[in-house]
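Starting off with a structure, shown below.
Chain naming follows the written order as A, B, C, D, E and F, and within any one chain the residues start at number 1.
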Amino acid sequence: MASNVPEKYKTLIKNNKRIDGRKLDELRPVKIEVGVVPSADGSAYIEIGNTKVLVAVHGPKEMFPRHMINEDRAVLNVRYAMLPFSTSERVRPGPSRRSNEISKVTRHALESVIFLEEFPAMGIDLTLDIIQADAGTRATAITAASVALAHAGIPMKGLVAATAIGKINDKLAVDLNGPEDNFGQTDMPIAMISTNKNITLLQMDGDFTKEEFKTSLEMAKKAIDPLFEAQRAALQKYYE
Amino acid sequence: MALLYQNRQYIRNNIAKKREDGRTNEQFRDITIETGIIGRAEGSARVKIGDTEIIAGVKTEIGKPYPDSPSEGVIMVNSEFSALASPDFENGPPREDSIELSRVVDRGIRESKTVDVEKLCIEKGEKVWMVFVDITIVNHDGNLIDAAGIGAITALLTAQLPKLNEDGTVEREEFEGNLPITQIPVPVTSGLINNTIITDMSKDETECSDARFTVTTIENENYCAMQKAGPSELTEEQMLKIADIAQKESKRIRAAIKTAVKKHKA
Amino acid sequence: MASNVPEKYKTLIKNNKRIDGRKLDELRPVKIEVGVVPSADGSAYIEIGNTKVLVAVHGPKEMFPRHMINEDRAVLNVRYAMLPFSTSERVRPGPSRRSNEISKVTRHALESVIFLEEFPAMGIDLTLDIIQADAGTRATAITAASVALAHAGIPMKGLVAATAIGKINDKLAVDLNGPEDNFGQTDMPIAMISTNKNITLLQMDGDFTKEEFKTSLEMAKKAIDPLFEAQRAALQKYYE
Amino acid sequence: MALLYQNRQYIRNNIAKKREDGRTNEQFRDITIETGIIGRAEGSARVKIGDTEIIAGVKTEIGKPYPDSPSEGVIMVNSEFSALASPDFENGPPREDSIELSRVVDRGIRESKTVDVEKLCIEKGEKVWMVFVDITIVNHDGNLIDAAGIGAITALLTAQLPKLNEDGTVEREEFEGNLPITQIPVPVTSGLINNTIITDMSKDETECSDARFTVTTIENENYCAMQKAGPSELTEEQMLKIADIAQKESKRIRAAIKTAVKKHKA
Amino acid sequence: MALLYQNRQYIRNNIAKKREDGRTNEQFRDITIETGIIGRAEGSARVKIGDTEIIAGVKTEIGKPYPDSPSEGVIMVNSEFSALASPDFENGPPREDSIELSRVVDRGIRESKTVDVEKLCIEKGEKVWMVFVDITIVNHDGNLIDAAGIGAITALLTAQLPKLNEDGTVEREEFEGNLPITQIPVPVTSGLINNTIITDMSKDETECSDARFTVTTIENENYCAMQKAGPSELTEEQMLKIADIAQKESKRIRAAIKTAVKKHKA
Amino acid sequence: MASNVPEKYKTLIKNNKRIDGRKLDELRPVKIEVGVVPSADGSAYIEIGNTKVLVAVHGPKEMFPRHMINEDRAVLNVRYAMLPFSTSERVRPGPSRRSNEISKVTRHALESVIFLEEFPAMGIDLTLDIIQADAGTRATAITAASVALAHAGIPMKGLVAATAIGKINDKLAVDLNGPEDNFGQTDMPIAMISTNKNITLLQMDGDFTKEEFKTSLEMAKKAIDPLFEAQRAALQKYYE
């Protein structure tokens, strides 16, 4: 949502096609692979368009630091990081305000589906490394995370997948790519549970009328189905 | 002090029938907005929502623009839990909450283009105004995000840019006009307690809540920012309902902000 | 004590009047309010001239961090901070060498009047937030602090108040304001106990002859009385 | 997970006869080198040695030169253990290992003048290219230094400098040619386990080892960097032997790097 | 090692009659001042007071002036407890003491205008000399503030400014004259132990003391800085007495500094 | 090994003499003094040429931090620091990547000679402060460290000393000084045990043929003897 829009990104939709040829309600190509980090208890690699994320789960295991132990349930520790070479301008290593906030909302996006009470006093570490960023990094990471948690054998009441609904050239569109995110009007990452389509993450920046917001939620509900399918297919393929 | 388990359960079980302080589910506590409270700041405000109190102050500096936006000034909103506000902050896990508060208010101001940052450019690629909005929590009785958001925009609306001398130094005691503010975003947060939607939660209610949803509305009734928080899921209907409440309540709050700013400038 | 004195601040005393109209031995207007932070155990708000400070006390309570516990007495933890918007140039949030030192001397200025031995192994947290700075922030904060401690019900053998004696245009003056501090010759913050006028804090930067130092101590003893009165009045008003 | 005492002893006692995975003492695991894996990076590589996997990426920025070398660009190699790679990193003493890894790879590239930093000067004393090589450990099964070193040089060999606009800004999507790379240093690490020299140790073997010795060789068979690590002493003969192995093994690895780079540029 | 309770009580009970090392109440231990001990520094000094030993070194850099004093150089005094000096530093609460030491010495030099910072301006608003005085505690047997203060001023008095080349770079091996020093402030610290005033306290005595008072005197016998430390109160009379002692003792110490500096320049 | 070599340092060897007059296999003058830090359990001051280092040992003593305790043996904690005024450009106080790495290799250079198993669960703190740097700071510090450890009465199976072998103007030379290190071709710090000349530290940057490396090790073996003698002489002198 920068102010200086380069000429080539002024028109983001032409003949109902987006700059990468997608329709308004079409996701970018999705690729999910399970078990990519041998030393982790669960792991997944995901590509959604040009956004690439590696996710690893370690645990359930002894909880560190000790003073954060919850005697009634496992604690989910989430660490989201953009690798230094994942964007145009190098990202300095180490946590930032942005990455801390995303770690928190990601944790909240996943906690409600995990049976944390089955592992009292333990910790589950979830690492999300953004290898290449082209918009939608938190949504992409969440989609991979629930696959990695399943791979680690952690019991869940459903999968969580996430995408974004945005507004570009005054039209609603699914799963924004980099230029659409940078030069569009609105971006709304949203995460849902596979079983009931309830919402576990929703953030929005930009501009929505009440009607647009309502429509966006409907669009998300539909658009997210292929992600659940991709998650299931990846797990199935791994165990075949 | 964290709530006892019994108190938590009591609040949760009874919330559908009545709130501790007798409010209706969607009812805000009294809001008071004062301006011009800090003489050293370029703009300032004190906001109280019930017993919750925050102070917001605007300061300006001259700095270098970011390489990828050479003709834009910089606006930064920062909120800190002072140890003043609650002993819990010392021991508990406050940092993450503090960061979320800070980020939500920051994004609500920055990404909604509330400040026309292009007007803050002094010399392209070299010198721009950097505008800092710092928010201090003085007393914490819940709903910090709304209080902080109201404080931030009020402080910005009353802020003035210091005079720039010919030689590039800043004259701190003279001013050259207002900040270029384009709109008045107002955040309204409701929570879910035991499946009941509750607006403007107190600190105790917040501790009993399962999820929160902040919706920021601008004058034309459009939404400019949203943030769900808390571990529980929300249904589509609950979200739409909370967005409706925000649209409605934000009008009244925006009117109060405008009154305070008008009074300040008179 | 900067070297470049602006024209208007070259003469700080004219006809025995200071730039804000005060006499040499006159304090700035004082306003103290008790109980301004409902969630704290004790609190006070103070204005001395244009210097404004909020003080809160939490405790006596469990001591953190644990390894700092003193089994024989309570530990007084002091945190002095200038809020970012309290001065002309924004103050970066977070502790600095200056704020750490002031936290320490403030603690020493107050410890000798508190019956810390009545609360073994506990902690008393004292937060001093400078909202607006116009010289004398540490003195002003100390004056408010003993009111907030009293409000928290912490037993003390007396109140502590503080002011500054300075030298401006070669004359001694009480309770310097901002320009007097910046463009004067000497600044000496000093804290005393109400019961015996003994000194719990004294710092000095600038230039004093032996005689001037002696006179300064005498001036402080007199000047400080209205502060003790204001402290008592504020507490009395609160409990009425 | 750290090795149990019994496993440690078993590996140590049998190492002279056979390695856990059946390799000979000086035998490397399979090495695979991929290039161009990160579109946002100016150069990148993924290196696997057995189950060990690292990713290396090159990014460039414009910065000021150091005061004592005003006409030289800056090259920085940084390696981080991601929490991805092993749960041990959370609890144990990883920081020191991470720093050593980082320093050894950094020195291997920087002090061997692998990058001709004088060609990275844009304006003497004012503007130079700063080249960052960042390495992330994705899976840790030992011999991180060799994997990181191979990844760093491969990423540098495939890296291009972004175009510099007339007005001094960087055009991130166009390029102006390769980085000035002068040689291909290849590190080879062997360790001492119960007095036996073992090359390319797995993670378990590393935990059983008494000392390690990394020797980096350039194309003319000369050594450009060495680093002994671990608390035990080494004899002169052991060091010479390990240096010999490095000289021999580095040839094969350098050939693999060249093949990967050639394929990338085709 | 912290004192045992019994030792503490013994020292406190007997202090009025005799000090552990037989000195009178106001008597300093032997002071030795050496100069020019560090070839790399622009000025340096080693100061011993009894078994207390500190090293002070002056380094210069070129930097930007602060925005509110564009034609003034910058002087920074920093003192660090090295782990060399005492094992207590590892465990105890050293940071706060270290900061106080640093601040008191820093203020004693900076705010007393000991260095004429206007003469350190190279180009108004752009380039000034930054002068760093770094003090390392080598052995801690009490009275660090006085030792550090003596070391700082001695190092400054022997310091020279490096030559500035036409092109703005610094020639580190040639010099252009002395630093502009205007006066010789000397700190003298006395403490209160069980109501007795004791000057130049040893480490054990410091641990037994109730309060300390540092008074810094310049050549015309005026005071330029003071700092009370420690939790106990002092009476007016005690403070005046300590200030008297400081005035008297500082003369002898200043003479020793001058002798050392004269010898250095000869 | 900088690229801009000043004229006067282009020729580092003339008539088999180095710029400071030394022969190729000659150490700089060595001076070691024991017991220079009275409050430490062991200490040594060393000068090798213009490189000056102070070393102190505290312990064996209670181990901090507690979670680093090793129940089977003492832990050697090493802290290497260049004092701010030790080099041409001021060194910022506080640990750096470089100082952390040197602390680690120094620890490894010394551990194998200390009977750490005699002090289970304890800590030995070794502080290395570089007072003046003119090349070879880590080697010089290691040479002083084993003297300080001996002075502290810590049992060792031998002394460790260290020097550097370098290549300047294509010739191998012992114990490089500052300009030789900066403008030479290769620097190889090396530490050996007095009893068996085994190697406990070896690092190299620059360029060595296989033959040069072999010769360097031989040169080190010979060159290091005077250092062991100086160590023994210093200890003997102290106890006389």
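In the analysis below, a residue touches a chain if its C-beta (ideal position, glycine included) is under 8 Å from a C-beta of that chain, and two chains touch if they have at least 3 such contacts.
Note that the coordinates shown come from a computational prediction; the quantities given were computed from them, not determined experimentally.
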Original post:
How many hops, at fewest, get you from subunit C to subunit F via touching chains?
Top reply: 2
Subject >> Most distant chain from subunit F by Cα centroid >> reply: B
Original post:
Counting a repeat as over half of the contact pairs in common, which of B-C, D-F or C-E repeats A-D?
Top reply: B-C
Original post:
When the C-alpha atoms of subunit C and subunit D are each averaged to a single point, how far apart are the two points in Å?
Top reply: 57
Original post:
Between subunit A and subunit F, what's the gap in Å when you average each chain's C-alpha atoms?
Top reply: 51
Subject >> subunit E-subunit F separation of Cα centroids, rounded to whole Å >> reply: 31
Subject >> Separation of mean Cα positions, subunit D and subunit B [Å, integer] >> reply: 47
**OP:** Could you check subunit A for residues that touch two or more other chains and list them?
**Re:** 88-89
Original post:
Where in subunit D do residues touch two or more other chains at once?
Top reply: 67
Original post:
Taking the complex as given, what residues does subunit C use to touch subunit B?
Top reply: 36-40, 43, 50, 52, 54, 56, 58-59, 61, 64, 79, 81, 83-90, 93, 125, 127, 129, 131-134
Original post:
Inside the complex, what are the residues of subunit D that reach subunit A?
Top reply: 38-41, 44, 51, 53, 55, 57-61, 78, 80, 82-87, 90-91, 132, 134, 136, 138-141, 172
Subject >> Touching residues (chain side subunit B, partner subunit A) in the complex >> reply: 67-69, 71-72, 93, 95-96, 99-100, 102-103, 107, 111-113, 117-118, 213, 218, 221-236, 239-240, 243-244, 247
Subject >> Touching residues on subunit A, where the partner in the complex is subunit B >> reply: 1-4, 68, 88-89, 97-98, 100-101, 104-105, 107-108, 111-112, 188, 193, 196-210, 213-214, 217, 221
